[in-house]
Amino acid sequence: MSLLQEEREIILSNEYVDAFDFAEVAEFVSGASKNLFISHHFRERDKMLVQPRGGFPTYEQQYALYEFFVDANVDVLPLTVDSNTRLNDYATAKKMLRLSEENDMDMLNGYPLVTHGYRTTRKMITHFNKPVSLRHGTPDARLLIETAIASGIFEIEGGPITYLLPYSKNFPLDKAFLYWKYVERVCANYSQLNEPINRESFGPLTATLVPPAITIVIQLLEMLLSLEEGVKSFSVSFSQQGSMNQDIVTGAVIKKLANHYAQQIGCDDAMINLVYHQWMGAFPANEDFAEQLINLATVIASMVGADKIITKTRQEATGIPTKEANAKTVADTQYSLRILNGLPTVVDEEEEEILTLEVRAIMEAVFNDPADTLWRKVFNSIKNGIIDVPFSPHIINQNEMITIRDARKNIRIIERGNVPIPERCYEYERSQCDLSKDTTSIVNDIIHDIGIMQ
Amino acid sequence: MSLLQEEREIILSNEYVDAFDFAEVAEFVSGASKNLFISHHFRERDKMLVQPRGGFPTYEQQYALYEFFVDANVDVLPLTVDSNTRLNDYATAKKMLRLSEENDMDMLNGYPLVTHGYRTTRKMITHFNKPVSLRHGTPDARLLIETAIASGIFEIEGGPITYLLPYSKNFPLDKAFLYWKYVERVCANYSQLNEPINRESFGPLTATLVPPAITIVIQLLEMLLSLEEGVKSFSVSFSQQGSMNQDIVTGAVIKKLANHYAQQIGCDDAMINLVYHQWMGAFPANEDFAEQLINLATVIASMVGADKIITKTRQEATGIPTKEANAKTVADTQYSLRILNGLPTVVDEEEEEILTLEVRAIMEAVFNDPADTLWRKVFNSIKNGIIDVPFSPHIINQNEMITIRDARKNIRIIERGNVPIPERCYEYERSQCDLSKDTTSIVNDIIHDIGIMQ
Amino acid sequence: MKVVTGVVGNDIHVVANRLIDLSLRARGYEVFNLGVNTHLEEFFDAVVETGAEVLMISSLNGEAEGWGREVPLLKSRYSNLDDVIMMIGGNLVVGSGNTEDIVARYKKYGFDLVCHQMDLNTGLDMLQSLSEERGIA
Amino acid sequence: MKVVTGVVGNDIHVVANRLIDLSLRARGYEVFNLGVNTHLEEFFDAVVETGAEVLMISSLNGEAEGWGREVPLLKSRYSNLDDVIMMIGGNLVVGSGNTEDIVARYKKYGFDLVCHQMDLNTGLDMLQSLSEERGIA
């Protein structure tokens, strides 16, 4: 028995899991309908795929949500996991699920997948026969991913950086890397049985003033860590940033560099897709306005040339959206994509050049770290602030980079901290902003910039 | 007494008009608040102005509508006139107004301005103290315009071509030109008393597969006819065409050529603005989808760089919108404009060149007509099909030009009829389309292209 | 079978009218299209002159209600119009209204087929059924 | 005046927490910010350790309801916490709910100030009034 398999058996012998039947699961994946694989749809698609977000505590609620989504002509179904399961607190998840079932009141902000288990969940997934995407935010997702794939969920979001720095306060970083290595290998192995399992990185990060250079570097690194382990279908992603032009530039640079770096490690056989998230930051409380924002995001996604869009709802500012509101966004987004014709091609060479230089400089600094493996290089780079994510709650994050919006609402780096932004780029970024203000007004500007869409 | 003044007295001595007091009206205009003049706002503005559409039969309804608009942060108020008044059928308008007032049911699709009269209407306009735009569609608008200006309405939409070819079956064209000459002169004269009265042409025409070359030519000609008479503030306009790129190209060409031709006749002192109409063609019956369409129009208007946007509502497919639905669009549009940041600059040189060549060729053909005045040249050019408007209901219109959408949904000319589209441009337009189809499938394509947003 | 069609009143929405013309011809009708901006008398005169079996009125801009009310009185002034199939479609009220109420009202005005905001082909199928029923197809 | 603050439970929404920290300091409070992902016991322990007069809990992700129910029991295990002003704000339920009901429920759990989806400054003004009322400002 391989080391990996030994580890798998340990993880899956757990008081919260019913006996896990490895052989049966492998057989299920081998024979599973191609329709369940988003990698298959990416290859065949002739339009941007539309995927909402959504997870409810009970099986019945989740099932009803999927019915609504299918009526709204969804392309990819979501399975969003609750925050207790995300932090491996299965005991609380179990308790809150029971409370939710008994009290007719939701005590969980997502679907507790481990608690429901794969046998139950698979019924639902195969019934709808649409690709499902697992959205979680879990640093240690080993048990969760095994349960997901066994359920028929063949797209796994996240990664050791993107699901850690925005989602955790003190989960040890090195552990996260090792746990995700496990996830990548499990995905790579299952990919040999049928269509590839797709892995997707979570580009939005904290969704709060993250500059594109940081987003792209993290996307590229998670892609490389995944391809290294044998994953054959990977999506890089980012979310609406507040400036249409900056989004278009970001999309162009990320596509170009993803292919470049995949090639560098000899993985050009892997399929790389681009995913765009509708605005992930603070939403307007006015639900009509929220819809304008959502629609604008769809327009930008088209201009960016995304392969998939992940949607929000008019209720984002309020709380977990109802299934009606969620399905409405899907139908509206599909309509918008249908009428979005004659999109112009936009190229901003100067901004692309600056951004490319920044990303390459940071990547080089990471590669130059003396550690022996990529994951250790990345680990060190986060520890010493070569990678620094604004508004990360994690204690290991440096928090020294300061960003602000310029007059055209581009996110600009005004303090680079330890991030090796090349001199020329740094000067360019700062030259776009008014830095003559005092600290209090800059803090006020930052608060304003966070609420820019409100 | 001048000839014009004699004519004015005849027109205003009418069984449907209470004694018109010329001196009092002139005094009113001289002393009117600058806020009532859109020309003043165009000069001072730092954002795109937002103007809804809307007219209700009774004074009370119109007043209530304005209250809603003001709450929604409107920039320009509309006064849309009913279709009886448009066709000078004041008797029917009067009867239907009485029926509307008595029956609590709307029997008119707009505000019967002549029937209400200027004394009543002025109270409302000055109360709200916002610029008001008169939307009508009247070939003989002499009485209407006098009443409007006397009421405090200082923007007049329309023109001898744009308010005739889409709006009338058999109103004599030469009469329309002469009646509009009157309107221009009245506007020009009043403009000397205070800020200029703004004239706006109606670019959407039939809103059905009109190619940009025809739209622009008509905009330019109406602009020239107006400036010739001394008007000092003029807006050219067009409506969303179905392809974002074609709209951006149209906007660039119309701006460039409007300035060029204004200069040619020595009128560079006039202020020329650009107005963009949200989609004017057949709307989706699904009201949620209608909102996506409206929002997309706002995005495009920004990319076009319009000075004013004229809005639609989610109820467009159904009937005259409620004041609530109408005000909602205004608030939503203002929000969208606020969050639309970092717009890229788009230039499509090839398309711009083709369109410019087309417009200049048609303009030249019009100028080359042997008649002595510009209005007679234009008149002849419409009669002989040098200007040909698809789907015009007017009997004088040639109806020989055939247009269709290409793969990117640009409107393309596949039969030019008598319109002098230069050979090179004509080949280019046709080369974008699949012309190998038989006539039946082309007719089906046209029907499909009309309903492209449904 | 002969059909007189057009758009009633001061209404100039021509697009549907062009499509109706095309569709009727495609279905084999002989069409007399009066176009937009056609007043009630002109419709009735044309029916009499052509001996049409069907009068198909469109109204898009919301004026129909006002004209509909005139139909009974006017129609009574013509003789021999009782067998003509009277049909109306488009947007039959100003603003939005309840379709059932609208249909009932227009039936009272003397219309056999009332197609408020109805798809054209559905309406033309209804016409076919009715003419078969009346044995004039 | 000393304030202990942080985000309760498995909740990692940090943006509000950073702004609360800044705002409290700007208003002259001495702040002990436990950050996100803080469990109830940690809050109570910190109040005891620091001798804070105010405990200001945030919850954004909808978990508060679950934790709120534990407050009375847990609080009863500590002595000397009766005079501490207990305050909670953010999104206090999963999904959307009626503010009045929510406030009533959280008051029963032992909170003095309940700021469901309330603007931060309004909440801080309320805190000021209450501490003046209690004579601890």
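For clarity, chains are labelled A, B, C and D in written order, and residue numbers in each chain start from 1.
We take it that contacts are C-beta pairs under 8 Å (C-beta built on N, C-alpha and C of every residue); 3 or more make two chains touch, one makes a residue touch a chain.
It should be emphasised that the depicted structure is a prediction, and the values quoted were computed from it without experimental measurement.
Q: Could you work out which chain's C-alpha centre is the most distant one from the centre of chain C?
A: Most distant chain from chain C: D.
Q: For chain B versus chain D, what separation do you get between their C-alpha means, in angstrom?
A: Here the centre of chain D sits 57 Å away from the centre of chain B.
Q: Just give me the whole-number Å value for how far the CA centre of chain A lies from that of chain B.
A: Distance between chain centres: 46 Å.
Q: Could you give the separation in Å between the centres of chain A and chain D, each centre being the mean of its C-alpha atoms?
A: Chain A and chain D have C-alpha centres separated by 31 Å.
Q: At least two other chains touched by the same residue of chain B: list those residues.
A: Correct list: empty.
Q: Where do chains touch, given as pairs?
A: Those chain pairs which touch are A-B, A-D, B-C.
Q: In the complex of these two chains, what residues of chain C are touching chain B?
A: 9-12, 14-15, 17-19, 22, 35-37, 61-63, 65-66, 91, 93-97, 117
Q: Give the list of chain B residues in touch with chain C in this complex.
A: Per the stated touch rule, the residues are 83-84, 86-87, 89, 92, 96, 99, 105-109, 166-170, 206, 208, 282, 285, 315, 318-322, 391-393, 443, 447, 450.
Q: Hey, which residues of chain A end up touching chain B in the complex?
A: By the definition above, chain A touches chain B via 242-248, 284, 286, 288-289, 291-293, 295-296, 298-299, 303, 328, 331-332, 335-336, 339-344, 346, 348, 408-410, 452-453.
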